[in-house]
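Here you go, one structure.
Order as written gives the chain letters A, B, C, D, E and F; numbering starts at 1 within each chain.
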Amino acid sequence: MPIVHITRRERFSAAHKLSRPEWSLEKNYATFGKCSNPNWHGHNYVLWVTVAGAPDPETSFVTDLSELSRLIKVHVIDHLDHKNLDLDVPFMKGRYSSTENLAVAIWEQLEAPVKGLGVVLKTVKVEETENNYVEYHGE
Amino acid sequence: MPIVHITRRERFSAAHKLSRPEWSLEKNYATFGKCSNPNWHGHNYVLWVTVAGAPDPETSFVTDLSELSRLIKVHVIDHLDHKNLDLDVPFMKGRYSSTENLAVAIWEQLEAPVKGLGVVLKTVKVEETENNYVEYHGE
Amino acid sequence: MPIVHITRRERFSAAHKLSRPEWSLEKNYATFGKCSNPNWHGHNYVLWVTVAGAPDPETSFVTDLSELSRLIKVHVIDHLDHKNLDLDVPFMKGRYSSTENLAVAIWEQLEAPVKGLGVVLKTVKVEETENNYVEYHGE
Amino acid sequence: MPIVHITRRERFSAAHKLSRPEWSLEKNYATFGKCSNPNWHGHNYVLWVTVAGAPDPETSFVTDLSELSRLIKVHVIDHLDHKNLDLDVPFMKGRYSSTENLAVAIWEQLEAPVKGLGVVLKTVKVEETENNYVEYHGE
Amino acid sequence: MPIVHITRRERFSAAHKLSRPEWSLEKNYATFGKCSNPNWHGHNYVLWVTVAGAPDPETSFVTDLSELSRLIKVHVIDHLDHKNLDLDVPFMKGRYSSTENLAVAIWEQLEAPVKGLGVVLKTVKVEETENNYVEYHGE
Amino acid sequence: MPIVHITRRERFSAAHKLSRPEWSLEKNYATFGKCSNPNWHGHNYVLWVTVAGAPDPETSFVTDLSELSRLIKVHVIDHLDHKNLDLDVPFMKGRYSSTENLAVAIWEQLEAPVKGLGVVLKTVKVEETENNYVEYHGE
């Protein structure tokens, strides 16, 4: 049976900043640059979720993409879209909102629901701007 | 002499929200939907500035694009990038941060400096997400 | 009051062919090339709808984009997406499904509903492939 | 000798539907949603073919891309472009036209010809819409 | 009869530089920056050609796009693709290879052939990089 | 500790040709096609550099992207942008300027500086046109 990877793209727009509250404005700026702006900034994030499995003999699908999309919406997008990553998102509590941490947190949100679909989560990719993106493979 | 239009693309990432302070959360949500999230959200905005003129006989340029880019940076991008459109931007004071208002405000910022280059400002286009953008032609 | 143009992007995937039933296969192929394949082919069409108006003083919107998107969905996308343009679409009856005719037909579908929003329909743009698109301005 | 991966992009526009003929319209709709429309729908598919090998000392190419492109055209694109995936394509006979099955079938079409170029086929990627794509690595 | 605009995209990759032979290296660098590199540089240019007309009652086409594409290839792309804009292109002789001049020269190459198709040339757009493009409307 | 991959995109515009000086024009054309044009051609190259590591507990970054970008600029982009790959680039001396060789040479330029950031270089990807790109993983 061939193993095929299938990827779903979703999007969310969110505010965030990078700063440690125990540091001065100056130290935050020296470390995080313009991302430390106290009044926040924001991005149109793009998320790609890749799962792998054998196509089902009856449907020829690795997984029903509309169901995968619904799970991503319920477990990830509804928590992040038009939100503040540092104030509004329970699963980001206690983590700085770097794209790296965001990708790992999204992996944790999706791992169990994706397993429930009978497929394996392979990659979470998060693009912050057209010039940088992050990938997490669960290891 | 041919009149040629030339367009420069720039980008900025910013936080904002749409809400009227004198309205209740409920009325703001009914009017502005998820854009009214009290803790802000944000976007990767894309800006296109189009100017028109005759190519200079000596340089064959309508205008020096690096100079146009510098003017856009000084008059627009430096004020907007990694900022909060509702708190940090002098030229947005007193205006709601709809993409419509943003395009008109950027036009106002650029009209005089662009005239100083000897060309005519034709269009300011602002893309908020891949699914919507706004254009202002100065009228 | 400034007049601002605002554009909403929507997408639909559809089957179609270009052939005149009263012509032979050979004449259809000579005229329409591979687009005349009797068993159909298809595209991911991209639609941009541009409207113009003055921003509302209360909301700062030319028009509520979610309402514009809903109107495009009800009057256009629901009729075209995952359909056969030549068999399934009442408003394409009696017209060949060239991108040109499609753009004009979409304009006719949207003109009255857009007027109901208090704004003016300016352009319907339909992209058939990355290498060609059509625009109709209502004239 | 370094091993380099090189990828060629090609495109095809095709009609298809997802439905099992022995099922009722209702069961097909419940399983495949709008993809089961009896009169077909279609897509602009994008195909990426990745091969790997050591650059040739004489040409500095892993493989001649125009020859790779020609092989993809002869073995894949000519069979799929402006066709109906369910009616017109010999190598899709007996398979439902999910993107998963399409990627596996394209791999089978290309594996031997690519080997004839002296390189190894690594990945077949097929994008159905901007929001979903499939990859097959031959395993 | 509705007038519809239709646009064809083509691409070419070319070398060029911006420098006046009668000027010193220093003056050329001061005026044209890194574009004056004596050993050339190059771009993947993207060209969009827009024509307008009424759809033909028999074919429903404003113009046969494969014929428009062939004319663009014969009159423009074959002269520019994988060439040096300053050394190899008869219709650029005596003009500096700014994108502005290139757009005007392409217009001149296409105006008569497009008229021969029974449609009107409306716009030549040339993109030099993702951050800048030029449009010429024939005036 | 999770290992996260992070990718930075940069761009450069350069001239080059593919031809062996000891071969005739005819043999070069037979082997390299239009890429052998004696007067050069050029491209907008796009470069993606992927590195991997564990997010730093203090900053939550795998690596400071502005520092990674600066290293790519100093070691790669400044040598390639608005240059002739065959005449102006010390680290391409003695190598034909195929995209394959370019990717390997860029890897060699970046391997040590990236190690100095405390992360591992994983992939250098170079796109020559929208239809072809090359990846090198260091093996």
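Rule of thumb we're sticking to: a residue touches a chain if its C-beta (ideal position, glycine included) is under 8 Å from a C-beta of that chain, and two chains touch if they have at least 3 such contacts.
Quantities reported herein were computed from a predicted structural model and do not represent experimental measurements.
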item: Pair joined by more contacting C-beta pairs (C-D or B-C); value: C-D
item: Pair from C-E, C-D or A-B with over half of its contact pairs in common with D-F; value: C-E
item: Centroid spacing, where centroids are CA-atom means, of chain A and chain C in whole angstrom; value: 34
item: Centroid distance [mean C-alpha coordinates] between chain D and chain A, Å; value: 28
item: Multi-chain contact residues (two or more partners), chain D; value: 130
item: Complex contact set, residues of chain B against chain E; value: 2-10, 50, 55, 58-62, 65-66
item: Chain B contact footprint on chain E (complex, rising order); value: 18, 20, 31-33, 95-101, 103-104, 130-139
item: Residue numbers on chain E that touch chain F, as the complex places them; value: 11, 13-16, 34-35, 37, 39-44, 81-84, 87-88, 129-130
